[in-house]
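My structure is below; once you've seen it, I'll send some questions.
Letters A, B and C mark the chains in the order given here, with residues in each chain numbered from 1 onward.
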Amino acid sequence: MADVKAGLYYSSEHEWLRADDDAVYLGITDFAQSSLGDIVFVDGEPVGSQLSAGDVAGVIESVKAASDLYAPVSGVVLAINGRLAETPELLNEEPYACWIVKLTLSNPAELDGLMDAKAYAAFCEGL
Amino acid sequence: MSKVIYEHGRPGRGTDYLPEVEVDLAALLGVDNLRGAPPPLPEVGENEVVRHYTNLSRLNYGVDTGFYPLGSCTMKYNPKIGEAAACLPGFAGLHPYARPEHAQGALRVLYDMEAHLSRICGMAAFSLQPAAGAHGELTGLMMISAWHESRGDTARRVMLIPDSAHGTNPASAVMAGFTTRQIPSDSRGLVDLEALKGALGPEVAGLMLTNPNTLGLFERDILEIARLTHEAGGLLYYDGANLNAILGHTSPGAMGFDVVHVNLHKTFATPHGGGGPGSGPVGVTEALAPFLPVPRVVSTAEGLRLETDRPLSIGRVRSFYGNFGVILRAYAYILRLGGRGLTEAAEAAVLHANYVRAKLRGVYDIPYDRVCMHECVFSAARQKEHGASAADIAKGLIDRGFHPPTMYFPLTVREALMVEPTETETPETLDAFIETMTELAALAERDPDALKAAPLSAPVGRPDEAQAARKPVLTFKE
Amino acid sequence: MSYLPYTDGERAGLLAALGLSTPGALFEDIPAAARAGGIDGLPGPMDECALAAHLTELAGQNDPAATPFLGAGVYDHYIPAALAGLVSRSEFATAYTPYQPEISQGTLTGIFEFQSHITRLTGLDVANASQYDGASACAEALFMAVGQTRKHRALVSRGVHPEVRRTLRTYARFRGVELAETDTDPQGQSLTGLSEALTDDTAAVIVQNPNFFGVLEPMTAIAALAKAGGAAAVAVCDPLSLAVLKPPGACGFDIAAGECQPLGLPPSFGGPHAGYLATKESYLRRMPGRIAGQTTDAQGRRAFVLTLQAREQHIRRDKAVSNICSNQALCALTATVYLSLMGPKGLVKAAALSAIHMDDLRRTLVSQYGFTQVFDAPFFRECVLRPPEGAVCDWGYDLSADYPELAGARLLCCTEKDGAERRGRILSAWEANR
């Protein structure tokens, strides 16, 4: 059973989002890391990129798979987590402790379209 | 642990193959154009080089080593007459810019091979230029694009691709400038006709199809699929990866395909070489022939010539005329077997796959259990519940002297093991494989952990692929 | 039944196990309207003895030695006798792509060595397992540059091999990349033409060295030009020339691509050969094709695997960097073993002897036979020479189709095999026929 952490927003693409003042941090869930397997490479769109909700915000590669990271909300890329360049396996080990991309939050209303932990747990259950 | 060639080197070693030379290269070539020191290649004497590569070869498993039921790859026996032909000095030594009057034998091979493939595939014309199956796909898709464009039908930018397709299909489509739309399979494992109808439209350039498909199943609605696609203004592309199953029983032309690529290294028994060289000739209907790559081999009163003046041609997709040495081997194979022999080869390939399917039914799940063509897709889902995955079964086969089947493909089957026995194996070999697969299934239930460590008898155990990708070491460092 | 391994009786046994008497029932999914009853119009079957005679006869209709001093992209270098036997070993030749690394260490080690050799020749960080040929490798290099710079225009000098330029044109057309060709100057060099055409929206500057005329390009200046314009610098280099010439990495190029045929591969009427592709670390994830990497197994033993596969079509499908699946593994292995046999000293000798022989030929033709040298710039093992007025010369490569302005001029080539004696014989025969 995949771990779901309370207090975060979730997307149906198995991403979590943590809102923090005017910025949001984007990562992938335990379910996502477990489906991908050994993660070997992580990258985000360049800092300064203007993203709309649904745009590709980054990429995650495992040994046997590759997955795009989609921005669940619109915003400008503020930072990419540099730790993951050296140690992408952190996403396997502690998916909720490692954000991948930090974005501005252009439209806070977009958060309403995301799931909370309970809804996401039910969503995973139904898969 | 075996060495890499650099680890055999010592400064000053080496064998002379050429005379000594005294020259002031700086004066000849200009000092700014020169590298400071000779390239840091290893310095190894001939005896050590020969031993090194001979020993490396012994770490490999090939068709000539043993049974190689790698689904979709058609690892049949490669007749050695093809090797002998390619080594003839009149072929091996021939420069591609030799004037036509000095290359009539080679041009004859190309000209006749185009005709033979046209007959086998029921197409009007072939180009032998593409270097591999994927290259043929790209070439064929470029022709589809150029054909629509020539008719002013420039809105057709979408290529339809079944979900069971090889990954090359969508990748080739994008390289040829298309976007892709996926067509789901239905409960039979075949193209979902209703979904296809819904996906066709004025923006669709064509549909790419492998038939038999990657599940080894014949798309029995093929004529309906062709009709629907053509009525919607699209063209039908045949991925010839599985042509070997249908030789003499039907052809891409008879099924309604407009463009075809053939993998000579699969259907026509040329060696795979550890990943190439292959050859991916592409064939077309009359309507698309003007778009074939140049040059074309043409017959004139003065003999065979190369023609480049074809205004609608998509142009070149590589240098020269194709992988001639591979084409020559396939040409020898076709002549050796003739039409009857090719048909028998297809029949035996299909017979063997069905024999293996029948004998392993009940041992492994068969997600689509009906008559298959040249290959059969099993699922190790049941074994996985006990803790042994498709990969574990595959590695267990290695310890028992077999090359594993294709694993985890097609993507539509969980824990897929795709077995293609080919026509050139004896009943004893098939039975030994069946027995081993049965034994492995039993072991997977009884003691799955015993398979986790496999292979134990190979030169190395399972390599750590995550480490390889996280910290890439791609060249030798002293 | 040529390569079917059993008797009719044994076949009947297999059929009986399926409850069948003929294989026909296995083909019933084929709709009646699409069914064929065999393949009409093919020759054969032939017994092997007759086939061997037929193939020998066809080979005899070719005359590989008819045109002296012919290079133009395919070169007649000496191939050590040890090479053919090693690379034709069945274990290499009849293996598939190394998807099962435990029983493919021979192929994988060979690829790793190929990548190592190529990076050392080119002076770049990484190389892949090989491409179909030099021309398609250049097309892939173009797409790497487009991906990296996110621009859609490229410059290619007319000094690049005509077949490479045509291949680039085809690939670029369908991918929506604008390709502009630039002229060479009176020296046969590309810098001026490229610098006049370079704009801010240029993704790649593509130049060949030695170029198609054999002329050495001002490589460092060209790379600097591309860099200043924000374009990727792509070098098309003959790997054998890199024994002596400054490597593209040291000149500042981002990508090198080219043809391995000079490295021990026979001409074979144009293929199979192998292309190579090498680049800087920062372009690694845009590089197409197979890449072998070093790792360890559970016991800590060194092992090689195909790696960084998330770039590739079987995982990335429509988002893959390329559709390429195979490399030219056996041809790349041939190049690898050739380089291992020749070593640095042997490779330098092959390059130096070729260059001297060409220079000697040029000098003789100019001073004694009335030829004129078209480009007054340093050249490697090829040189464009114009025969004297009225003389018929069919040596080498006729430039008139690709370069109308050079009509009548010949591109001549020498290798280490074209020593004084061989050249003398050819020149005497020509003189005698005038």
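The rule is simple: contacts are C-beta pairs under 8 Å (C-beta built on N, C-alpha and C of every residue); 3 or more make two chains touch, one makes a residue touch a chain.
Keep in mind the model is a prediction, meaning the values are calculated, not measured.
If you tally contacting C-beta pairs for each pair of chains, B-C comes out on top. The chain with its Cα centroid farthest from the Cα centroid of chain B is A.
Chain centres here are Cα averages; for chain B and chain C they lie 20 Å apart. Centre-to-centre separation of chain A and chain B, using mean CA positions: 37 Å.
Centre to centre, using the average C-alpha position, chain A and chain C are separated by 43 Å.
Annotation for chain B: residues 465, 469 touch two or more other chains. The set of chain C residues that touch two or more partner chains comprises 308-310, 315-316, 319.
Each of the following residues of chain A touches two or more other chains: 40-41, 61, 63-64. Chain A contributes residues 40-41, 61-66, 68 to its touches with chain C in the complex.
Residues 408, 465-466, 469-470 of chain B are the ones that touch chain A when the two sit in their complex. Taken in their complex, chain C has these residues touching chain A: 285, 308-310, 315-316, 319.
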